[in-house]
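What follows is a set of structures for review.
Heads up, the next two complexes both have subunit A, just with different partners, subunit B and then subunit C.
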Partner chain A sequence: MTTRTPFDIPAHASSDDPRVTLDEALGTFEPIPPYPPRTEREAEFYTLRDGEMFVNMGPQHPSTHGVLRIVLKIDGENVVDLDPVLGYLHRGVEKLCENADYHQAICYTDPLEYISSLFCEWSPVIAFEKLLDVQVPRRAEYIRVLSGELNRIASHALFMGWFALDLGGLTPILWSFIERDEIVEMLAALTGQRMLFNYFRIGGVNGDLNHEFMSRLGTWMSKATHQIDSNNALLNENEIFVRRARGLGVIDTATALNMCMTGPNLRATGVPFDVRRAHPYSIYPELDFDIPSRTEGDCLARYLLRMDEIKQSLRIIDQCLHEMPDGPVMAKMPRLIRPRPGRAYAAVEGPRGQYSTYAISDGTDQPYRMRIHDPSFVHLQAVGLLTPGNLIADTMAIMASLDPVMGGVDK
Partner chain B sequence: MDRALRRRLEARFGEELTGPVRQRHDETEIRIAPGDLPEVMLALHDEPDLRFRLLSDLAGVDTGTTMQTVYHLWSDSSADWLRVIADGLSRDDPRVPSVTFLWKGAEWMEREAYDMFGITFEGNRDLRRIYMPPDYTSFPLRKDFFLPDDASRSPGGGVRPMEQTHGPTNAETAAHVRQASSS
Partner chain C sequence: MTVVGRTWERLTIPGKILAVVIPLGAVLTAGLAVLIALVGGAVVQFLVDNLPLVRFVVAATIVLLMTVPSAFLIIYMEMKVIALMNLRYGPDRVGPFGSALSVVHGLKVLMKEDFTPTSADVPVFTLAPVVVYMSSVMSLLVLPFAPGIFGQDFNIGLLYFFAMGGLTVVGLLMAGWASFNKYSLLGGLRSAAQIVSYEIPLTLSVVGVVLLAGTLSINKIVLGQAGTVLDWYVFRQPLAFVIFFIAVTAEANRTPFDLTEADSEIVAGFATEYSGMRFGFFFFAEYVNVFIASGLTVALFMGGWNAPFNWPWPVTVGLDPGGLGIGLLFLLALGPPLAIVVLGLPFYLLNSQVKFWQALIIGFVLFNLLAVAAVLGLAFVSFDWVVGLLWFMGKTYVFVFTFVWMRGTLPRVRIDQLMGFAWKWLLPASLLNLFVTAGAILVVNR
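Then we have the complex of A and B:
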């Protein structure tokens, strides 16, 4: 059989024409890199011992939550080691922000983490406000907290569905999308966009609360607790799910701190570290809510912790609605801002952990350096620590329980 | 601003500090020489009145004349973020000791700083590019790496190709590179 080149195939040939079939497979991923190893770790990883082999997972694997490629070194069904390959979604957001002015930089940070965009906006906004010494109106702070907590619930609801989907259950993701879709529509009424809100501004928020948002929120709040409870009942009492997730991917407190983990993944190991309490920002010191924490540190603890956080977010939303003051939602800001030279750091507690921004101003209208720290990036590292020794299928379960979003990992 | 933390830092690290302890809003900033980094970080991490156990962020910075690595730490002993700046890395061959002996999670953050700035972290066991392809030679976040539409901002610079090699060995500080003020 002769090898055909694309030139032999007539232009009108359809894709099921046998002549179109190529003899050689194209575009396969060779797990062993075609260049000499760059570090000792890489050399060690790409050396196979008896009985071991490489398997590529991704970059289009549905369980990788985006475009991530993981090279698994397996022995039978057991994972011996793994090497995540990042960069498929790298957009160079930091460089783009350094070449945009302060207002423009905020909308570049939106698509970083497309599940919870408001938190990606929130940390640079606070950092820029620190550079400028702006006082944000109180109503704007309440609206920020209100919309942020709604976004946190949407993100955690989606986590529930994803996690169950990666463990093999299809129903929860359909249920969780009911919740998420209602919140997303609500935020669309408030901000004008479903996912990439671009709502927070330096010195306030883009617009005041409107009638559609408030009426949707009121309807949803009246049934939210009931709905979330019934969603939880679907999984919390499911023996297959609980047995699968319990004791899987256990991480202890010392290791979690050593791995720089934050957010629910750290709190599931027993450290009640939450930036909202540990280093308060906005109006969180005035609000009454608890920081749930668990001591098991396994996949089930991480799941249950997020479900507890949804309830705390509902409490915060309730308080915000009751105590919302009147007033402006934007401080008086010039169109072109030139902060004095200086440095500012701001961190917020997102649904996945601590989002932070380190901004340097050199006195021009563009940030000189804008460093964005994303919790997904740090947590994805822990997959390489937790997975070896487990089965291939557990890789997805552990990764899903850490809840990384590739948009944030790849920046 | 946490004045007590400032006094503690000045008393403990008086000799290592290369500049005054600065405080603004809820941040405290110290500057040290890159060589002192492991010692200072170990003291910050372990000493009972400091207890900076959480590494919040690790960033590389190109000031136009030198390189820096910036660490943000959190402790329950202080209400401030602590910013540690390892200052004065040469732009030609930026080298700084790794902090992976304290925080294993810093490994990827250091890989990112290496990928974007070419900073070599001595002691990181896996220092290779993380975002850019392995055969890539530039360091995109250095200030002499221009975006295509940047040409207008640098008179005399003309239109430069975006992806020219700026290895640390051949990097030069051009007059038209934007530089951070030294404050």
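Then we have the complex of A and C:
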């Protein structure tokens, strides 16, 4: 085991070291940190054996789904080890929320997962409602479920496109963007925004269903099943796609549970855990839908499971539209909210897994503490577990199949 | 100061320029005349004596000039076809239906900064795109476009072709190594592994065709497929055709075998550090390779420039302009003006909005179009190479379209699947094809 760096610079030379000039430091191009190793793991990782080299992937790499940086240690085409470097998108959302009142806090949680913003609003809203002990009108709950399931379909459609793009297919991303764009446009008609909706309010939703939303939804629903089937037909029977995804990045049930994985990634390993059924909230207990699960636990299972979930979401939307009651969409709320001191926890099932919020009130109009659990962060840990031993190309496939969003990871 | 100096001082700047240029031109012209008188005959004699060499130089120039437009055409085709498959519009701003976009791209590439990384191996870095481009252009030299229209007809044309194709890998490896970038290095090594592996089934699959044709000359292989569609080698060597097409896709680094420039894995592969016209050379070489791959598939398996049925042409057109005598002069002098007036008159008479001079312009344009159409039609009817060129290009662009179609449809294979496919499936299949073909020839010829 030898430490090898170009230009004979000591492996972990500090920038204070007089032997290190700027030119040489620029000339190395090695992703070795310029400080001494802080942990044993770091010391071991940044030591190269014979034939190994580092490849710095990201934060501007085309397929790291945002600003994730991964230092890959490769031996030829094989990935020996990897070290994810996070924090390029850290905004301190939790701390920001503590300095805003309860209404404003929802705006800050919105851009956490910019692909499925409604769920990032949903869990703090439920937590605050628990703190305040508010009864949400039935119509508002139906509208929340309706818009949430639409957002889930948009997110899964985007997943399909990105997964195929990371496997080298050009067309699926543009086909799936048709679905996503139609949904996003109809949600824009409902909420006023395309991505960061800021639609849910403590005690209800911002506005009632309007004509444009309903007409767009009706047009889309009449062809949705056909379109989604045709999108799937492009990939599900593609020999190259199936051969690349099958048996890749297998997680067994015990590991998935130990790593605290939730959502489709857990259900693909055979555990039909879904917050909507396990810890029901809103009107989900009254709705009729299945929790699809698969036992393989590989990338293909994760992909197929999300495609099944789209169909279940369509069922839920159908029921919501048929059973939606009349009535107000907002409970009677004071303008300034001062919940009694206490604490509340709320979890919702998002497209990537369980989003949950833990909020503590000290009786003022601002949350005393607020913590957000994001599934992407949990799932990103699995990349380090699944990738070593695979090829460079598989790193992208595994990462795309876990479907992390860096906005949620870095918070 | 002398008289000459004072005169020179009095001259204006255009005058100075003329005072230099006119005597110089006179001297040079006189010198050229003397030179032609002295050695012109010898030069002409030399050219006539070395006609193959002259032909080679001319052909090489034409082929070199041909690469860029054909690459432009394929790039535009790819942008437009993939856009339609993706349910997009594609290019639609520059030129009619965006057709000038690839030309503008070419100009943009020319104007960009020619950047070399600090740590790059400069000579190798500079040479790499040239090597890649050169190998593509040199492969084009043996491609038979039409009867009599080819750069050079070697006895070992096919062998030369594969040798030049194999040279591409050297350029890619040079680019990957010299860039001092790990993504480039990975891309270069991938291309080396891929192209060397696929060279073997590619070459072996063609041996069956070579056995049938009895020659390595691509021109003679095409001639061997004359007749109807059933004489094309694709029907006698279907397995070889499939193997060849797959292998040639891998050789051209096209989807689903585009691992060398897999943008979702290794950014842009060997071309990561290249910019400006150096990148442009790689880009052109890739699309010229697509054209070559399609052209060779057509030449070897799809009958080349042969029509799929017995083409009735060339016919002899009994035109003898000399028979008109002095009438020819009148025809040339009076024919065009009369035709312009006759063609333009209906527009003037039938539409009161059109002025007479506008009608004359319309007539002029129409007459030119008709004249061009007549000349082209005459060429189409009386020269077999015009028809052959059309058939060859038509078939080739069908295959170019297939390449584009695959790019729009298929994901990328993994490196181990790629290598396994070459060594475990294509190589045994091509060997089987070779043995069966050889056995069949033995049995039939006995």
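We adopt the following convention: the second predicted complex is superposed on the first by the 381 of 411 C-alpha atoms of A that agree within 3 Å, B and C clash if a C-alpha of one lies under 4 Å from a C-alpha of the other, contacts with A are read in each partner's own complex, and residues count from 1 in each chain.
Definition applied: a contact is a pair of C-beta atoms (placed from the backbone, for glycine too) under 8 Å apart; a residue touches a chain by one contact, two chains touch by 3 or more.
All figures in this text were calculated on a predicted structure; none of them were measured in a lab.
Peer 1: Determine, for the superposed arrangement built on subunit A, whether subunit B and subunit C clash or fit.
Peer 2: Taken together on subunit A, subunit C would fit alongside subunit B, as the superposition shows.
Peer 1: Which partner does A:Ala393 contact after superposing on A: first (subunit B), second (subunit C), both, neither?
Peer 2: Second partner only.
Peer 1: Should A:Ile283 be classified as contacting the first partner (subunit B), the second (subunit C), both, or neither?
Peer 2: Neither partner.
Peer 1: After superposition on the shared chain, which partner residues are touched by A:Val250: those of subunit B (first), subunit C (second), both, or neither?
Peer 2: neither
Peer 1: Looking at A:Ile291 after the superposition, I want to know if it touches subunit B, subunit C, both of them or none. Which is it: first, second, both, neither?
Peer 2: neither
Peer 1: Is A:Cys107 in contact with subunit B, with subunit C, with both, or with neither (first, second, both, neither)?
Peer 2: neither
Peer 1: Once the two complexes are aligned on chain A, which partner has more residues of subunit A within touching range, subunit B or subunit C?
Peer 2: B
Peer 1: So, A:Met214: does it touch subunit B (first), subunit C (second), both, or neither?
Peer 2: A:Met214 contacts neither subunit B nor subunit C.
Peer 1: If we overlay the two complexes on their shared chain A, which of subunit B and subunit C does A:Leu170 touch? Say first, second, both or neither.
Peer 2: In the superposed model, A:Leu170 contacts subunit C only, not subunit B.
Peer 1: Report, in whole Å, the shortest distance between any C-alpha atom of subunit B and any C-alpha atom of subunit C after the two complexes are superposed.
Peer 2: It comes out at 25 Å between the closest C-alpha atoms.
Peer 1: Show me the residue ranges of subunit B that touch subunit A in the complex, using the header's touch definition.
Peer 2: The touching residues are 24-27, 29, 53-57, 59, 61-62, 70, 72, 74, 76, 79, 81, 83, 102-109, 112, 116, 125-135, 140-141, 145, 147, 149-150, 178-181, 183.
Peer 1: Can you check the complex and tell me which residues of subunit A touch subunit C?
Peer 2: 26-27, 29, 53-56, 61-63, 77, 164-171, 174-175, 178, 234, 238, 240-241, 243-244, 391-396
Peer 1: Contact residues on subunit A for subunit B in the complex?
Peer 2: Per the touch definition, subunit A meets subunit B at residues 33, 35, 38-42, 86-87, 90, 92, 94-96, 98-99, 130, 257-262, 273, 278-279, 341-345, 347, 354, 356, 358, 360, 362-364, 368-369, 371, 373, 377-378, 380-382, 385, 410-411.
Peer 1: Using the touch definition from the top, list the residues of subunit C that touch subunit A in their complex.
Peer 2: 82, 85-88, 118-119, 180-183, 186, 190, 255-256, 258-259, 262-267, 407-417
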